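Handing you a structure now.
Order of writing sets the labels: A, B and C. Residues in every chain begin at 1.
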Amino acid sequence: MTKERRQILIFLFFAAAVLVTPLFLKGSYFLNVLIFIGINTMLAVALNLLLGYAGQISLGHAAFFGLGAYISGILTTRFPIDPWLAMMLAGFCAAGLAFVIGFPILKLKGHYLAMATLGFGIIMYIIFNETVGWTGGPSGLSSIPNLHIGSLVFDNDWNNYYLIWIFTLGVMLLSINLSQSRIGRALRAIHDSEVAARVMGVNVRVLKVQIFAVSALLSAIAGSLYAHTMTFISPVAFGFNFSVEILTMVIIGGLGSIYGSFLGAAILTMLPELLRVFQDFDIIIYGLMLILITMYMPGGLISGIEMLAKFVMSKIRGKQSNA
Amino acid sequence: MLRLDGINKLFGGLTALEDVSLSVTKRSITGIIGPNGAGKTTLFNIVTGLYTQTSGQVYLGEKNISFFAPESLASLGLVRTFQNVELFGQMTVLENVMVGLHTRSKSGIFSCAFKIPSQIREEKYIKEKGLKWLKFTGLTDCADLNACNLPFGKGRLLEISRALAVEPQIILMDEPAAGLNSRETVELAGLIRRIKELGITVVLVEHDMELVMDICESIIVLNLGKKLACGTPREIQENAAVISAYLGEG
Amino acid sequence: MDNSRQLLQYILSGLSNGAIYALIGFGFAIIYNATGIINFAQGEFVMLGGMLTIFFLVFLHLPLGLAIVLAITIATLVGIAFERLAIRPLKNAKPLSLIIITIGASIFIRGAAMLIWGKDTHALPAFSGNDPLYIAGATILPQHLWIFGISILIIILNRVFFNYTIIGKAMRACAYNSYAASLVGIDVKTMVLLSFVISSAIGSMAGIIIAPLTMTSYDVGIMLGLKGFCAVIIGGMSSGLGTVLGGLLLGLLESLGAGYISASYKDAIAFIVLLLILFFRPEGLFKKKETERV
């Protein structure tokens, strides 16, 4: 079986599992958790494109998430704009902003880039908090309308699950396609040796900004979906802590692995559910996870699973040849 | 093919290159030699756009490429390899060569993400070409290995394959023989000759005198940032100034 | 008359905040110059200074002086642990890994603080009371004098240490060329450790002297750290006059901006300055342009 065939099969299997799961969970609270896993997966994949492939760190990605949520929220509550149109506008705005700040910010490297994105994230957070006339400030923005297609309204867990996961699967598929393509190779080349990539003709500066804009676009769309499914948003969800959470999801899952981002998102979304006391320990656990995974399993859990799978396969083959 | 006119490069108070002018004939194999610190790699870096010269001009054919950024040079047909092999370690050998085809392809983010038919066709083309260049350098068996796992000699060959995938007019090699054993060096010489047969101009910076004298048709000698001599291998070997600059080397 | 008094007040608070930013900036510069890395956790040491002092003073009822000494000592020990556990094992890691680990460690410290002391804000009582002094029409709190006094002391000590003591000069040698330094017998590992010791000590001290004026809590580290980073960037990553000026400049811009443009966007001003500097003059405002030899 060729590599491409196998990849398509894995994706179809994953998509089928996703689409079939709600049938076993009708009316369960867990469906709600899965919706969040979907949104977080979108965010983790978006950051992974920037961090895992191009190797550019961003500590302010929650800002684009928030931007998408607020633009959608504001356009649909304070103006009579159709939610789907608002989502597109939110995406464009986020991509546009990313384009504008992308050129100067991506000239920076390493810690300087980290600090700059952190600063950017905090500036956006302050804006969300202070422009009370538009965003409702710390009390948040409520009564955001649900999305709907014709008479199908996305206002319950069942419908929302499919809405979110169709988008998430789409984002995952597009990202997988991208990673196997000329662009994906160029991004990974930038990550491994920027100078060699330039010599090969890769326009590093422009490509970095382009992927930054794509990443922002996807995060904003996730934000828009979040706004329309929650119908209420407040700045708390879009601050530095959440940026760290998204980063941790990407790192745990594995830099450069799309399924890894799903894994990371799933684990970090479920952790607060599983550990009642998690609330107090969350920050410390994120810190520990970042350190331990980076030191001992830099490829993330996905690489750990792959190693395990290889080990098991070799044992099975060993037994077959002995039998 | 390649012409440098009065290149000067100062780093603060240090003069790395002083009034260096040279020209490289099309389809030739030219060697640039000189003791350590002569400015050879600096010269390469200037030609390939990684450094900017303090004064002077660089011409590729008729085109003045003096201030061009490195990324624009590949599509003009100029490519280089590095002294410290700069491979894309996390990608496979084949993928490394496929990056070389970046300027021979044009699918953008949208086409790649949505896998439109023209992108699928182009991807097939890139892969075929990539395999062809791996075959040229004898690396076909390593195609699916991770580049960081390659032994050093094969890593050098990979860098050359990748550069060839650009389908350049001229390839600049920075110390390609460094770290190779004698067998590998002989194979390298054969490879460079085959590259020339493809019609590609080769310029190499080298310390391995045997290799240089063997394959180069024309040699330029640099010393302390200045051009000391230029000529055929025989002329260089008999040049008194060159001999004294090397103090018995070669 | 009132306007000029107000202006004076803004300048005063701007300068005192600026002094703090400068001290935090020193911490960044010292570690960067010794190791080449940016200590993302620098802000957390500032936080630890204030929080630990409050802990010793308020919960253990220790006298202020002892509380301060203990706080600085413990913050320094945390700094040493950080260097040993997170930095030293990773000298050869990929740059991206190093960044993520320093981020992880700073988050860890912050998380530990939240676990131990909760999310509440706390106030450290002023060192010598709250009776204001009236000088040249401006109201100066005694704490302001403490801040200026201690800051100047630290700046002077810093200069003396790095320029006139053997150890200080050894550290500077490491900054320029650690290989050469090791060849002449300087123990680079110890110098690195020492840089963390000094940075965490200065950082925690900065956190302590500002704590009576601004509330402190487990998450003040991020903001203060970023602002200190901004100061040191303006100053060109030096642990000298450049960073002092950078800090003061930042403090003034922030204070005047908050006073005359908008108070709620005060923090945003500092970060906008940070972005502008990083975008347009990452080498700082005071450094002469260096040419790099490759």
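Going forward, a residue touches a chain if its C-beta (ideal position, glycine included) is under 8 Å from a C-beta of that chain, and two chains touch if they have at least 3 such contacts.
Since the model is a prediction, treat every value here as computed from it, not as a measurement.
Relative to chain B, the most remote chain by averaged C-alpha coordinates is C. Relative to the centroid of every protein C-alpha atom shown, the closest chain centre, again from C-alpha atoms, is found for A. Separating the centre of chain A from that of chain B, both taken as means of CA atoms, is a distance of 40 Å. Per-chain Cα centroids separate chain B from chain C by 47 Å. Chain geometry summary: the mean Cα position of chain A and that of chain C are 33 Å apart. Within the complex formed with chain C, the residues of chain A that make contact are 55, 57, 59, 101, 104-105, 107-112, 114-116, 118-120, 122-123, 126-127, 129-130, 240, 244, 247, 251, 280-291, 294-295, 298. By the touch rule above, chain A contacts chain B in their complex via residues 174-175, 177-178, 181-186, 188-189, 191-193, 195-204, 210-211, 214, 256. Per the touch definition, chain B reaches chain A in the complex via residues 48, 50, 69-75, 79-80, 82, 86-91, 95, 98-103, 105, 107-109, 112-115, 119, 122-123, 126, 162, 166. Taken in their complex, chain C has these residues touching chain A: 37-38, 40, 86, 89-90, 95-97, 99-112, 114-115, 222-223, 226, 229, 262, 264-265, 267-268, 271-272, 274-275, 278-280, 282.
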